[in-house]
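Two complexes are shown next, each including chain A; its partner changes from chain B in the first to chain C in the second.
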Partner chain A sequence: MTMLHLSTFSRRLLQGLGVGLLAFFLLGPLANLVLWSVAERWYTPFKLPVTYGTKYWEVVFRPTGDAMTSLTTSVGIALAVVVVTLIVSVPAGYALARLRLPFRAAIMLLFLLPQAFPSVAIYINVARIFYWIGLNGTVIGVVLVHSVHALVYSVWIAAAAFSSIDQDLEWAARNIGASPLKTFVSVTLPLAAPGLVAASIFVFLESLDEFTGTFFVGVPQVTTLPLLLYNASMGGNYQVASITALILLVPSIGFMLIIERFLKGDVLSKIGR
Partner chain B sequence: MTQKKIGLLLLLPALLMVLVLFLFPLGISMHAAFTDKQGVLTFEHFIKAQSLYSTDMMFTLFITLTASVLVCLCSLVLSGLMGLSESRFLVASLKWLYRWPLFIPFIVAAQCMRTFLAKNGLMNNSFVALGLYEPASSISFLDWRGIIITFVWKQTPFVTLMLAGAVASLDRSMIEAARNLGASRLRVMVEIIIPQVMPVLMVGLILSFVTMMSVLSVPMMVAGSQPTLLTVDMAFRINSYGDYPTANALGVISYCMTSLVAWFYLRQQMRDHAHQPM
Partner chain C sequence: MSIAFEQLTVAFNHKAVIEDLSLVIPQGCFFTLLGPSGCGKTTLLRTIAGFTPAEKGRLLFGNKDVIALPAHQRDIGMVFQDYALFPDRSVFDNVAYGLIARGWSRERLRPAVLAMLDHVSLTGLHDRFPAALSGGQRQRVALARALVIKPQLLLMDEPLSNLDTKLRIQMRSSICKLQKEAGITTIFVTHDQEEALALSDLIGVMNNGKIEQIGSPQDIYQTPRTAFVANFVGGANLMPLPELSSPIGQGYAQVQSPLGPLKAFSYHQLEAHHACLMIRPEDINLSLDTGLQANHLPCRIMGKHYLGSKTHYDIILPDGTEMVVHLSGQAHEQFGIDQSLFACFEVESALLVRA
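Now for the complex of A and B:
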């Protein structure tokens, strides 16, 4: 009897220790980031910051500071990327979901390729082409690079969203005299909206967090938040780097919490099909 | 107009984007890697790349493969525990914990690890504070180990998410029958669950592998010095020398590494399909 209790107890203890260790390795790096963002002075051999304060937050959020400019640039680029990808992927997704197409599987795969290839080698050549035609270091160039990389999310999710709609509803609208375009705008599009919103969120985040493409195509004129983070970190300014990282984290974690509301099971199960 | 033509017309803008911004640069990169200044076929760029970066090629393979193996093990353990454990505390806390790094951008992960794994970072400091070792013997992990740790930290949740979904959709009756007959959880995992979720596991691992081959920020920020990953070498050839031929030769080598992994996967898939209809 006692032995059984002991073994239950020791099993609990072992589980607790395991979970604790996992939590330490998963959350420790994030805790370190938060600590650096409020550390005004922190140097060896001190295990924790010597003085705490929000001095660097004020530096970052000063309206005229680099960070605010980068934040505006980043959000502007991400919104433009959402618009560009929606414009091309709503028709593409509809065609893939509803119409009989030759080489459908190959076309679906084609949109995955930009994500499935080691991208650095592609970006250095995109930068070269953009240099020839004067798009290097411009916001338009960065928007184009981000868009093609994010296209797989928007096309695949849009196709899944359209194919999960009950086609009888569209036929009903056609039967009572609605034109194809009217049917699409007032029946199909609203029904696909949650999926399209999910696709847009994916695309927005992909663009917001993109580093490699901007590093080759955007420099030195276009400084997005990831580039600001990189420059601050390599320059040894861990406070500014950590605060920038936290700004990038907010939308990512917010997304993790709400994604299930927009990406329902019926759409999710059709992605990539 | 036929449906086919309308369909292709609707697809055209998206296809053009991939063509101009992906396939065309890919063609240029191949062309630059295999031709000399006169446009004649040559392998001199590969010979140069080989002589300068052979260590980094092995290093890249070593890092990405080791990280993939570790991601595989960690995600199997996590999804197995979440699927089979009878302890509600364990399942609930793992479910809450494992997703955290999932949507965190690589550049943020790199910055986190740059501070966490440093000689005076939170990891060493916590272990010293717990009395596990003396401050003098704490070492910095900001080298190849840091790259592997960051990759595993970032990719394990992704593969676990895919695996946990696959485990949850398995037929429970077989698992329960095996458990009732006295099979241990480890045995159920190895003999019943893993064979069934293998395709999902492979897809997750290959996507992770390609991602690791593409990431530039982690090797640059987590481990500064030599040896380093091919991504950093490519950036260096371009930014310091404007040396496109060698950079593109390195690029072609990194395509080959990913294609090799994808080929192993496809071969495995075909063999599976030949034996059992899925």
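Now for the complex of A and C:
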């Protein structure tokens, strides 16, 4: 009995320690962000802000402010990236899942390739090429850069979503009179929807967070939220930087909750198969 | 609608799975493809349905070659082995799918779908989703979905293999009844010989992508043409024979076995090499003396398994050939392991088949 008690106690202790560490690493920085966002004045040697207030929140949310413009730009770009990647990854994912393509593994690798090189080196060259063809500093240029980056995830997840659908279901639909297109639209796509939604959410979040590519290709004309955050913290304006960071957190947390409900285990388990 | 294959060949990566298959199935026939797992039954069904392309050959529905027709224009209903019900659609919507694909309006298809559900004893279950159905119910939804479009041909790929024994026997008779009522030409695939014998008008026994024999259940069981058919349908003792001096015609024949001359019977023409003697386990009698039957071979009992209505004996002949004997009744109860006796059988029980 004592042994049992002891071991339960030590397990509790370990659990408590784990939760505490997690809280420290996750909530510590978060708490810092929240504090900074409401600190009107805060300087050393004070451990806490000197004056509290919502002045900077008002600055950020002023309709004419930089932050609102950046937010609109960021969301617009992220949505465009979602559309572009869906247009590529639905057919590509379906082909990878269903057709016995030669070099299937090689094709999957091709989509991984952009990840393999140091991204800064790539982006510098992309920026040069975009400069020649007049895409530098345009929203389209940024969307393209984000899309290539996002295709890694989206093609992979789409392929997993499609291969988790039993091909007999498509055959059953064909058998009783549905054309290939109708079968795809009425049987395959609805069953793949959760996976595709998950892929789109990842893509959306990735785009919202993307910094390096936007920095090389978009600056100075296109300012997304991460760039605004960067500019603000470089300029010593920690309040605006913190508020921007908090805004960036909202969709991530919201979508993570959705994904958790949406994604079936069998889709996740087929990723990269 | 009658179905015919002419020299149909289906290959994967240049390896033929179905080879030069020719076959005619008359209108309204319940045809069963019977064969072991991996012999190409599913491949053949998929080729008929239009999912797997044929390398060469013709596939005739009536007198129309459909080999180039896409799957959705072939007018076939298929029941898949794992049912393949749409998991995100209700029973009603599963069954309605084919009618919607044919452009039926909601008002028009509703009574047709409900009547079909009644017909397969699924009344009142139209709102359920497949996940909330039992195996037997899913099976019937799959059948209803295939039949509601009134196809020219019904294909079934081992539809009963996922059900437990009792349900399987129930479903067997309802499939039989539905097929006869609809008068629809049916190709049924199974590896279960009992199922094939119980359901079919005509059976094609398949082995390695080839059909070894086509015939009524009685033909297949009573007059097997090859050793494979004899063994696969009903089980058989097979004794390879040394090369014969001349081809064997139909009728009685005296053959030279490793254990001396035997009197046998042949239903089919046989070439001189490749002959084999086959005796059903229930056609052999064990006795202490040579008895009155035409053939008798000395043997020794190796094993005895009491099964209630009958007893199975494993016996061994002097040349090492092992055989199985099924005896019913009580007369043999005193036989024991290691006892030496005679295995006796009639001429008509000693059939010559192709090895």
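Keep this in mind: the second predicted complex is superposed on the first by the 249 of 273 C-alpha atoms of A that agree within 3 Å, B and C clash if a C-alpha of one lies under 4 Å from a C-alpha of the other, contacts with A are read in each partner's own complex, and residues count from 1 in each chain.
Following the convention adopted for this analysis, contacts are C-beta pairs under 8 Å (C-beta built on N, C-alpha and C of every residue); 3 or more make two chains touch, one makes a residue touch a chain.
This one's a predicted model, so the numbers in the text were calculated from it and none came from an experiment.
Asker: Superposed on chain A, are chain B and chain C clashing or fitting side by side?
Answerer: Overlaying the two complexes on chain A (C-alpha atoms) leaves chain C and chain B fitting together cleanly.
Asker: Going by the contact rule set out at the top, does A:258 touch chain B (first), chain C (second), both, or neither?
Answerer: neither
Asker: Could you look at A:21 and tell me whether it touches chain B, chain C, both or neither (first, second, both, neither)?
Answerer: Neither chain B nor chain C is touched by A:21.
Asker: In the overlaid three-chain picture, which partner chain does A:168 touch, first (chain B) or second (chain C), both, or neither?
Answerer: In the superposed model, A:168 contacts chain C only, not chain B.
Asker: More chain A residues touched by chain B or by chain C?
Answerer: Tallying touched residues of chain A, the top partner is B.
Asker: After the two structures are laid over each other on chain A, how near do the C-alpha atoms of chain B and chain C get, in Å?
Answerer: 11 Å.
Asker: Using the touch definition up top, name the residues of chain A that touch chain B in the complex.
Answerer: 15, 19, 22-33, 35-36, 44-45, 47-48, 87-89, 91-92, 94-96, 99-102, 107, 110-111, 113-129, 144-145, 147-148, 151, 155, 205, 208-209, 211-212, 215-216, 226, 229-230, 233-234, 238, 241-242, 245, 248-249, 252-253, 255-256
Asker: Could you please specify the touching residues of chain B with respect to chain A in the complex?
Answerer: 3-4, 6-8, 10-11, 13-15, 17-18, 21-26, 28-29, 32, 87, 89-90, 93-94, 97-116, 119-123, 125-126, 128-129, 135, 153, 207, 210, 213-217, 220-221, 231, 234-235, 238, 244, 247-248, 250-252, 254-255, 257-258, 262
Asker: Flag every residue of chain C that touches chain A in the complex, lowest number first.
Answerer: Chain C reaches chain A through residues 46, 49-51, 70-72, 76-78, 80, 82, 84-88, 97-98, 101-102, 145-146, 149.
Asker: So in the complex, the part of chain A that touches chain C is made up of which residues?
Answerer: By the definition above, chain A touches chain C via 166, 168-169, 171-180, 182-183, 187, 190-191.
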